[in-house]
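Look at the two complexes coming up: chain A is in both, with chain B in one and chain C in the other.
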Partner chain A sequence: MASLRRRTRQRLILWVQYAVFVGIVALVAFTADWGTLRESFFRLDIARDMFPEVITVNLRNTVLYTLLAFVFGLVLGLILALMRLSKVAPYRWVATAYIELFRGLPALLVLFAVGYGIPTAFPNREIPGGVYGSVALGLGLTAAAYMSETIRAGIQAVPRGQMEAARTLGMSPARAMRTIVLPQAFRIVIPPLTNEIILLTKDSSLVFVLGVTASQIELTKFGTDTLNARVNSTPILVAGLCYLIITLPLSQLVRRLEIRYNKAR
Partner chain B sequence: MTHPAIQIQDLHKSFGPVEVLKGIDFEVQPGEVVCVVGPSGSGKSTLLRCVNLLEEPTRGQVFVHGVEVTDPDVDIDAVRRRIGMVFQQFNLFPHLTVLANLTIAQRGVLKRSRSEADRVARENLDRVGLADRAEAYPAQLSGGQQQRVAIARSLSMGPELMLFDEPTSALDPELVGDVLAVMRKLAHDGMTMMVVTHEMSFAREVADRVVFMDGGIVVEQGPPAEVLTAPKHERTRSFLARLLDPAAAVDEP
Partner chain C sequence: MLRTTSRRTGILVIAAALALTATACAKKDTSGTTASGVTTIQQGKLTTCTHLPYAPFQSRDASGKVVGFDVDLLDLVAKKLGVQQTIVDTPFEGIKSGQDLKNGKCDIAAAGMTITPERQQVIDFSDPYFDATQALLVKKGAPYKSLADLRGKRIGAQAATTGLEYAKKNAAANGYEIVEYKDLATEQQALATGQIVGAVNDLPVWTEYLKENPGKFEVAAQFDTGEQYGLGLKKGGNPELLKAVNEALAEAKADGSYDKIYARWIGTAPAK
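Our next item is the complex of A and B:
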């Protein structure tokens, strides 16, 4: 080996890697039971029956649940981030306790607690927006804990001189934060916030614990329900592809945003 | 009765256990251009930053145009509106165009209309020779251009006093001249200026008074011809010698 020239050796290593990769793919392809697989996962007639409801009702609900939770979580997360950076110690304590608590709890439990705990505690009140409000709250409470840490890091990544320059122009701390620091912080945290919204898209599948009606069902629940009804796994595949309809354009949109903002960095 | 533009009395500032300013008494009269020079770590930037309370003094008083800045009840935002500040690192707002950098505080703080703010901004861009870069983003400008925009941004607020914190220290040598030219023009127009700088030729030519600081105190001050040409104190002499011949400094104790 030592006598091989460096370029020859590199090329050889590369070819070995290709060979291993092709070998694994071939192994999977030849040993899989394609006939049965097609029968249980690729039944076109079952897939066709799912349309258009899977788009008009279920995809729509997934998007709606995600957006509601994201917006609620973003607002609460921003408030928590500002509290963690506050000079007032009790604000910092409350925010830290909140973040530690809700980061540590499974989203499913929080959703359950909101769906059943709040109606029990306040029997005469209703969460505004019905199931949609409960989802925004239930998923948003957890998302806020994650996003607040992201936003805090973003705020801290904006150079101190920005706040100083804004203050020397006579801006109040609130105005400087709002018009100078936060716009820059949000540009910094767009990639991790995209991650969060994609995670939320998938967490919206937990909504079933609230006991939803037919018009409120989202993608995963619809997929599993149809699976049970038709005794076939094709609906799961359709539901999965629908998630990609949401997440792929989202990634593309964010990539464009980043390119646009890079000019103004 | 006219007050001094800046009046500082027995100013002390500590960062933790380190006392950076050890009792400064200092005045700047309206229309005066004062250059503060001294070795790094002498406390000159801290002194400047105490004037608009970017640093909170540990002890002592600071008055700007007769208003006590160190009074806990003072409306510091109102005081700062009258004091322009230019930073070593420019600190332009990178997410805004040059024009928006100049108008955002005019509109938000001074409540000027968009057309009024635009007019003032373009006037001041013209003043610093960058009228044609209004739509650019800071990242598209050279360091010298950025610093001139930063000066124009401060001027757009109509300050009565300008603070400069080593405005040319972060610039490539060939870009320093443009910034100094703008500052020279400003001085000739009668602006009150306090300038922390290492540019001795600028101090000699433009300053009404040069203040030499070392170790947290004012060692000596006076007309530039005196302080820079015939310093009375040994510390001033050795500082100036080091500036003129940096290589020789190695031999000093």
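Our next item is the complex of A and C:
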């Protein structure tokens, strides 16, 4: 009797869970104003007009801004991670101060400082690459702070014995770090670094503060610009879907890599 | 027995929670009707949408208060209705696309907004209250006197403005490149730091900027585009308010208070 009761009880709880789920979905579905929603967000004719520029210009720019910032951030992040682990105390201080500063500042402010602060400070020079250079710098500075902490954790996760073994084989500390420790560390940090690319993809929408020409417009700005021109919200949906074209494969990749890494262990 | 009761209570709690979410999300109706029969979204208040900064039409003064030509004008409307004006700072895109008005974020939009046929499709405009001219601002002594002198150069314009549209329309013929800025402040910064050689925006805005930064910039050219500013209301949403606004504008022009506001913010007397 008691066991049957427990089973019925479990089944009941399961049913309640389903009922809650269905209830919430139904509630949203019935209270939403579908007619207006479709008219505002699902106008196929407007969506169609956005192609192919949305892919050839805007998606391309979003990817380009992301990659530039990522590469710059990765190089700087690696240097910062090594500085944080350095035996030279001032290097550690500088790296720690940098990381604390840039982790605490919104990317938008950093981008603004790069875009308007540097030209004010050095009126006769310009950042190489124009907007592209400013983006790499502005978003990369912040990304470097995050990535350096990830890379440092990766280096520290490599067993000490690896370094010691390499040293007993007669390698210099620098060579041991370069050829033995770092390759293993990078394998560990590839999944979190891929997550960083996903975050950067979305941060690339902040480029608008720098001021952009028609050929430099990325997805979010194109979406809001088309919204302005057509007075309809469909472009926002199209832009959003385009971000997913970039981020969904990346998160799938992260999942694969994590599985592979866990197996290899 | 005890168990059944607690189970029932559990289901009841969930059902109550669901019902609560359904009601709690519903927008509270805070609207009120004035003595003159005009409904506003907030009782006793006229909520104005604007995009800051856009001096001399609207900007924050030293104490953080929003002031300007549009603000004074809307205060007249609020006074006529017997309510207080409150100002919401929101991106210009939301204003000119009519979304803010449609979603009930505000009763009226006063943002130095030019009346255009596209905007008229989604916004009810008041009678025009200001004749605007576009102008090109350059650094003092720069060798640019017209758009034609800008071949191969970069000029700035503010996103979603009629100035940007004007610049775009003439870009091919004059061979300059347009850089779009999110707001007036970044456009000014870009010109000041030499990232662009010229900046297009409404003339009164540049006049005000020159007052604040004497000797650094000059207006190189003016473009009479026949533009007129209007106050924006929700499309078909509030004909009583529209009527009251137009009456207030007409009264202000008749009794001289419009001229007073004009003299205070724009300087020169309005052309009759």
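Keep this in mind: the second predicted complex is superposed on the first by the 245 of 265 C-alpha atoms of A that agree within 3 Å, B and C clash if a C-alpha of one lies under 4 Å from a C-alpha of the other, contacts with A are read in each partner's own complex, and residues count from 1 in each chain.
Rule of thumb we're sticking to: contacts are C-beta pairs under 8 Å (C-beta built on N, C-alpha and C of every residue); 3 or more make two chains touch, one makes a residue touch a chain.
This structure is a prediction, so every number in the text was calculated from the model and none was measured.
**Student:** Counting only touches as set out at the top, which of chain B and chain C does A:52 meet: first, second, both, neither?
**Tutor:** Neither chain B nor chain C is touched by A:52.
**Student:** Applying the touch criterion given at the start, work out whether A:27 contacts chain B, chain C, both or neither, answering first, second, both or neither.
**Tutor:** Second partner only, chain C.
**Student:** With both complexes overlaid on chain A, does A:123 touch chain B (first), chain C (second), both or neither?
**Tutor:** second
**Student:** Considering only touches as defined above, state whether A:104 meets chain B (first), chain C (second), both or neither.
**Tutor:** So A:104 meets neither chain B nor chain C here.
**Student:** Where does A:224 make contact in the superposed view: on chain B (first), on chain C (second), on both, or on neither?
**Tutor:** The second partner, chain C, only.
**Student:** By the touch definition at the top of the document, which applies to A:212: first (chain B), second (chain C), both, or neither?
**Tutor:** second
**Student:** Applying the touch criterion given at the start, work out whether A:9 contacts chain B, chain C, both or neither, answering first, second, both or neither.
**Tutor:** Only chain C; A:9 stays clear of chain B.
**Student:** Would you please give the residues of chain A that touch chain B in one complex and also touch chain C in the other complex?
**Tutor:** none
**Student:** Quick one: which bits of chain A touch chain B in the complex? Just the residue numbers, please.
**Tutor:** Against chain B, the touching part of chain A is residues 159, 161-162, 164-172, 175, 179-180, 183-184, 187, 261, 263-265.
**Student:** Of all residues in chain B, which touch chain A in the complex?
**Tutor:** 52, 54, 77-78, 80-81, 83-85, 87, 89, 91-96, 104-105, 108-110, 137, 139, 150, 153-154, 157
**Student:** For the complex, give me every residue of chain A touching chain C.
**Tutor:** Contacts found on chain A: 9, 12, 16, 20, 23-24, 27, 31, 116, 119-120, 123, 208-209, 211-214, 217, 221, 224-225, 227-229, 231, 233.
**Student:** Give every residue of chain C touching chain A within the complex, in rising order.
**Tutor:** 3, 7, 10-11, 14, 18, 21-22, 25, 93, 96-99, 118, 121-122, 154, 156, 159-160, 177-182, 186-187, 189-190, 192-196
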